[in-house]
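In the two complexes below, subunit A is the common chain; its partner is subunit B in one and subunit C in the other.
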Partner chain A sequence: MLDTTYSVETPEGVDLRAQAAGPVPRILAYGVDIFYRSLILIALAIALAFAENAGLGIWLLCSFLLEWFYPVYFEVMHGGQTPGKKAFGLVVVNDNLTPISWSASLLRNLLRFADFLPFAYAAGVVSMTLGRHFQRLGDLAAGTLVVYRRESKAPQTLPDVTPLPPPRGLQLQDQQALISLIERSGELSEARQRELAELLEPLTGKKERAALDYLRAVGTWLLGGQTGGK
Partner chain B sequence: MKQRDFEQRYRASWERLEKWLKTGADGDTTLDLPVAYRSVCQQLAVAKERQYTNQLIERLNQLVMAAHHRLYRQQTLRRNTWLRYLLSGFPQAVRAQIRTVWLAAALFVLPALVLGIGSYHNDALVYAVLDPIQVRQMEAMYDPGNRVLGRERGSDSDLMMFGFYIKNNIGIAFRTFAGGLLLGLGSIFFLVYNGIFLGAICGHITRIGFVSTFYPFVIGHGAFELTAIVLAGAAGLMLGQALVDPGRHRRLVALRLAGTEAMKIMYGTFLMLVIAAFIEAFWSSSTEIAISVKLAVGALLWLLVFAYFTLAGREGTQRGA
Partner chain C sequence: MELERLAIRARLRSPWESIDLGIALARQHWWPLFIVWLLPASVVFACSFWLLHDSPSWALLLVWWLKPVYDRLPLFIASRALFGEQVSVSGALKQFFSLNRRDWFAWLTWRRLSATRSYDMPVTLLEQTSGSARAARIGVLHRKHSNAATWLTLTGFHLEFFLFLALLAFMYLLIPEQVQIDWLPMLTNSALWLEWASNVLYLLVMAAVAPFYVVSGFCLYIGRRIELEAWDIEIQFRSLRDRHLRAQKDRQKRAAHATTAASLLLLCVLSISTLLPAEDASAEAALTPEQSRETIDQVLAGEDFHQQEEVSGWRLKELDMDSEIPEWLIDFVQWLENRQLASDKEREVDWAAHIGLLAELLLWAAFIGLVAYLLLRHREQILQSLRWQRKKPETRLRPETLFGLDVRQSSLPDDVCAEVLRLWRSGDKRGGLGLLYRATLAHLIESYQFEFGDHLTESECAQLVRQRQAHPQPEAQRPVSAALCELVQQLTVAWQQLAYAHRAPQLAQVETLCNQWQEAFGNED
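On to the complex of A and B.
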């Protein structure tokens, strides 16, 4: 398992797993948020231009709110995702993987300034790269974490082959390798799959197309496909 | 059991839970979330134990996580939590950290006193802190010959100044707090820096004799603003202390505990700064209110703030104890 995996045991005795997000997607997400915020400020400036001084007051007020509370609002009200984080599939959660609470979100965003020091979020990036779960200083104090929210993929269609029983004494590890080969049949190119299948030529005695077909048939059997059935 | 049979047996219940989580409670009111959650937890554990494919485990893990999020969502604030916080929680939190608060106050007031007395007796000292243009602006602002106080303004610019004070002053307080994360050094820096600034201006303005405009202007909102800066500094120092001297906890745990306590102070500090900005923009700068009234109200506000922090919420603690 990759070492960015973050897991928490729930009271039900089940491990929840999530992948902590590293500095690069987080910086990009922050860039997107900055872009949106600037856009809002520019739009406001144009809209409030007619009100002169009073307009400037309202604009300053809005820029204050955007600077400090824009992330808080989105993190708490929109399931831990600012628009930037949403664009990159990131989500902020408490470190027990529950949805982030008001106080934690406020704390991590008030402490943003410490992460910014001495310039351009240097402290935050250093803290992220040194820590195990990519937490910036604000995350450490607030007990929060940025993880990937993975969109559930449509279940993949397995290759349609007639299952064949595996040879006797096939080790568990080997079984899993075969299963993951057919699971990934949609992702890998046909040629690459054949190449992989041919590595087993000394054992299967088959080449090219036949080798791959045989492995797929065995894999389907291992997944529970019935011989002769469907 | 082969994976395919396992999937077939439970697919319907997974899809039902997935749908329920997506649409919320409106779609299907008969689903019992805790029961559904526990059973999907059990299926995940079984799937892992039987070494089913990563794809299935991943799907179940996502389902469990989504249900876990829904089930363990943390309680949002109830309405009277805020009232209770204002009546007793905030002053109690400040009193619980009174030593840190005094330390922050000393870090702010002592440099202010030194620079204040210094620049009162030495007309060159203020130029060590501010550049000559800033000094001239300050002098122009508080010149009793002016008809307007503070910055030059018409009545419509009160709102502008309100926005400015909110952005500037609350920003300073938040930075003072956040700086505490750097072993407390950031908070110390901002407290001392602001103290020096304030002291130099006070001393200089007093020396050149603009007393009748300056003090009535600052006394009102100062009650909230200066105490709020000290409190933000104290909250920052709490974070710093947790890192420097974590006591019996690990540093990370100590920091997290200190963060929770510090936030109790920061909510109130934020509110005080909003009040301060309001007073500063709409009351302190008004030229129609007599100086004596301003001084009296200002003194009253100081008294009020101190009374609030010493007295409010006392009964609550006794009842609670």
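On to the complex of A and C.
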């Protein structure tokens, strides 16, 4: 099964999972960062225009600092997100999925130099595209990767049905599918939902509308709805 | 459509994750996709080379403009690969014209510059719709994900261009410094062969990027369909149903077996009961599976499984780290600004020098601060490296128990020998000799700095003592006298015999040992 999931197993046997982020959103996030950085530099240039040569010197210093330490600052101090990454919901983490450390961030950003070669981050893009977890050279050296931050789901309004206990022998994935069905009841067409519900006819012994209603009731039960009725 | 054969994991994805999945899928099948894209494109390229030989830019534009034509074959292969079906390159090339029949004119004219090309193409190619049906379908698809599709196209376009430049730069880097090429006339006169060479390069770059672009758009489309049609739920429900049916069949089979077995049993019982005097046959009240299932249902529906708990408590909130610039820094900067303004008004001539001086001072201060910090941080290591010859005495942890005996000095009585003999006479031989033995160990550890570890046996400890007696190391450790060594050997043997073989020594031997012990350690306390 092809997927972009990155998973780590902790010593306690807990599986941690994250979705590794590929080249396209990362390039776009970098574009956003470039945009912010140039805004800052332009503003600085205007502000320092009065100081002629000294101003130029300060501006060059600032551009140096921005180039090399803008990502480091944001990655370490702001939870692994530069403004561009924030816009795309990306986070840099260590490859054991812990928050990124100073040394790792410094290393991965200093190695932008290698990724930039021979021009315009070509090496970085190629490495990201070919690597299993979309890591550029700096990521590989520093042992970091970029993953998607999991958005917290907005609370769903459940359909108003009386919860019913589920049939025996449901596995975790089955329960999740049932819950997913009830959560997406607003997005899926009614006909499709009935079709899906009828798939489980041997299990529920119900058809059409009744089958869907039953599955919804079970889903509400699984989500912790109050039992009534029975 | 057989969702069981899906080669990707069906789950809800954000549009960006779908694009990433496309990258991964294209990476897996990159070679066939690349060749299938490149071959038709190079045919067009060759034609344009003959027709538009003198205007390479127009030729490249023509090749570029016909991209939707070449995009269809990679899309076709990817759509089959998604369901685990391998299409060979030649097999795909044979379908070139049949795949390009639908809507080719639209794709080459008003839809050529569509920003969501790779996202919309599957509707034409795989769903085989056109006209109003297509429009309706596109409308549904575009309600989400169209934004990401646009960005995908933009990124692809720029990537092509930048990779082309990077390739040029790479080749330039490989030219040895000694080779002097006069670039200027070449670039200004734009030699024809140079332009065609760069066109070939651009074609290769386009062919390399195209699989990723096409398959990413396709996966975006698939991601949207998974969302719209709940493929993930369908796959899960199907597997649940199959599992259920299988289990049911198993149960029926078992039930059939059970009934035949039961009838046989009944026959036996009947035949026996006719011979034996009749007894109460309904004594067994075993639960049938149905009854036990009912019980399970009752238990599951009962109170135990429907308890709700409300938990409330205090937790540490995530701290707001945004405004951490200390007050004094702001004041200082303000003070600096005011001072500069004031000095500007006074003397407008050499304020630049002032700023320069200030910057220099600040840099020096930062440098000194950094050095001081580093010195402070690593003072231990620095001091140690300065006085490397003087070793720190290693403080080893002394064991508190050995072989289950407490060997701390503090656990010993004041007069060991008297206590040993008292215990011995009272009949507790084990306790007596044990006390003597562990007192010896304790003194060896305390006064002679022996390092007895948990891994040693009694005889190994004794051997260590003998070794030190045989090869004394004058500067390092306190030497062991021959008498002490002898005591340890004898005592160890005696203790081992008593402890493990339950053979107690004679009282006289114990007394001798006590005397020797008194000589060895008695005057230390």
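Everything that follows uses one rule, which is that the second predicted complex is superposed on the first by the 170 of 230 C-alpha atoms of A that agree within 3 Å, B and C clash if a C-alpha of one lies under 4 Å from a C-alpha of the other, contacts with A are read in each partner's own complex, and residues count from 1 in each chain.
The definition used in the following text is that a contact is a pair of C-beta atoms (placed from the backbone, for glycine too) under 8 Å apart; a residue touches a chain by one contact, two chains touch by 3 or more.
The structure displayed is predicted, hence computed values, not measured ones.
**Q** Does subunit B (first) or subunit C (second) touch A:E12, or do both, or does neither?
**A** After superposition on chain A, A:E12 lies in contact with subunit B alone.
**Q** If we overlay the two complexes on their shared chain A, which of subunit B and subunit C does A:A21 touch? Say first, second, both or neither.
**A** After superposition on chain A, A:A21 lies in contact with subunit C alone.
**Q** Thinking of the overlay built on chain A, is A:R192 touched by subunit B (first), by subunit C (second), by both, or by neither?
**A** second
**Q** With both complexes overlaid on chain A, does A:S180 touch subunit B (first), subunit C (second), both or neither?
**A** So A:S180 meets both subunit B and subunit C here.
**Q** Quick one: classify A:I58 as touching subunit B (first), subunit C (second), both or neither.
**A** In the superposition, A:I58 touches subunit B and subunit C alike.
**Q** Taking the superposition on A as described, I'd like to know which of subunit B and subunit C A:T162 touches: first, second, both or neither.
**A** neither
**Q** According to the stated criteria, A:A141 is in contact with first (subunit B), second (subunit C), both, or neither; which is it?
**A** first
**Q** Output check: A:R112 vs subunit B and subunit C. Expected answer is one of first, second, both, neither. What do you get?
**A** A:R112 sits against subunit B, while subunit C stays out of touch.
**Q** Let me check the overlay on chain A: which residues of subunit A are in contact with subunit B and also with subunit C?
**A** The overlap between the subunit B and subunit C interfaces on subunit A comprises residues 52-54, 58, 176, 180, 224.
**Q** Using the touch rule from the top, collect the residues of subunit A that touch subunit C in their complex.
**A** Residues 1-5, 19-25, 27-28, 51-54, 58, 77-78, 88-89, 118-122, 125, 129-130, 134, 148, 165, 168-171, 173-174, 176-177, 180-181, 184, 187-188, 192, 196, 199-200, 202-203, 224, 227, 230 of subunit A touch subunit C in their complex.
**Q** Which positions of subunit C touch subunit A when the two form their complex?
**A** Interface residues on the subunit C side: 7-9, 11-12, 14, 16-17, 19-21, 23-25, 27-28, 151-152, 155, 159, 162-163, 165-170, 173, 212, 216, 227-230, 232-234, 236-238, 240-241, 244-245, 247-248, 293, 296-297, 300-301, 306, 308, 321, 352, 355-356, 359.
**Q** Residue numbers of subunit B touching subunit A in their complex, please.
**A** Result: residues 2-6, 18, 37-38, 41, 44-45, 51, 53-55, 58-59, 61-62, 64-65, 68-69, 72-74, 76-77, 154, 156-164, 166-167, 170-171, 174-175, 177-182, 186, 239, 252, 255-256, 258-260, 262-263, 266 of subunit B touch subunit A.
**Q** Applying the document's contact rule, which stretches of subunit A touch subunit B when the two form their complex?
**A** Its residues touching subunit B are 10, 12-14, 16-18, 52-54, 56-61, 63-64, 67-68, 94, 96-99, 101-103, 106-107, 110-114, 117, 123, 137-138, 140-143, 150, 152, 155-156, 172, 176, 179-180, 183, 222-225.
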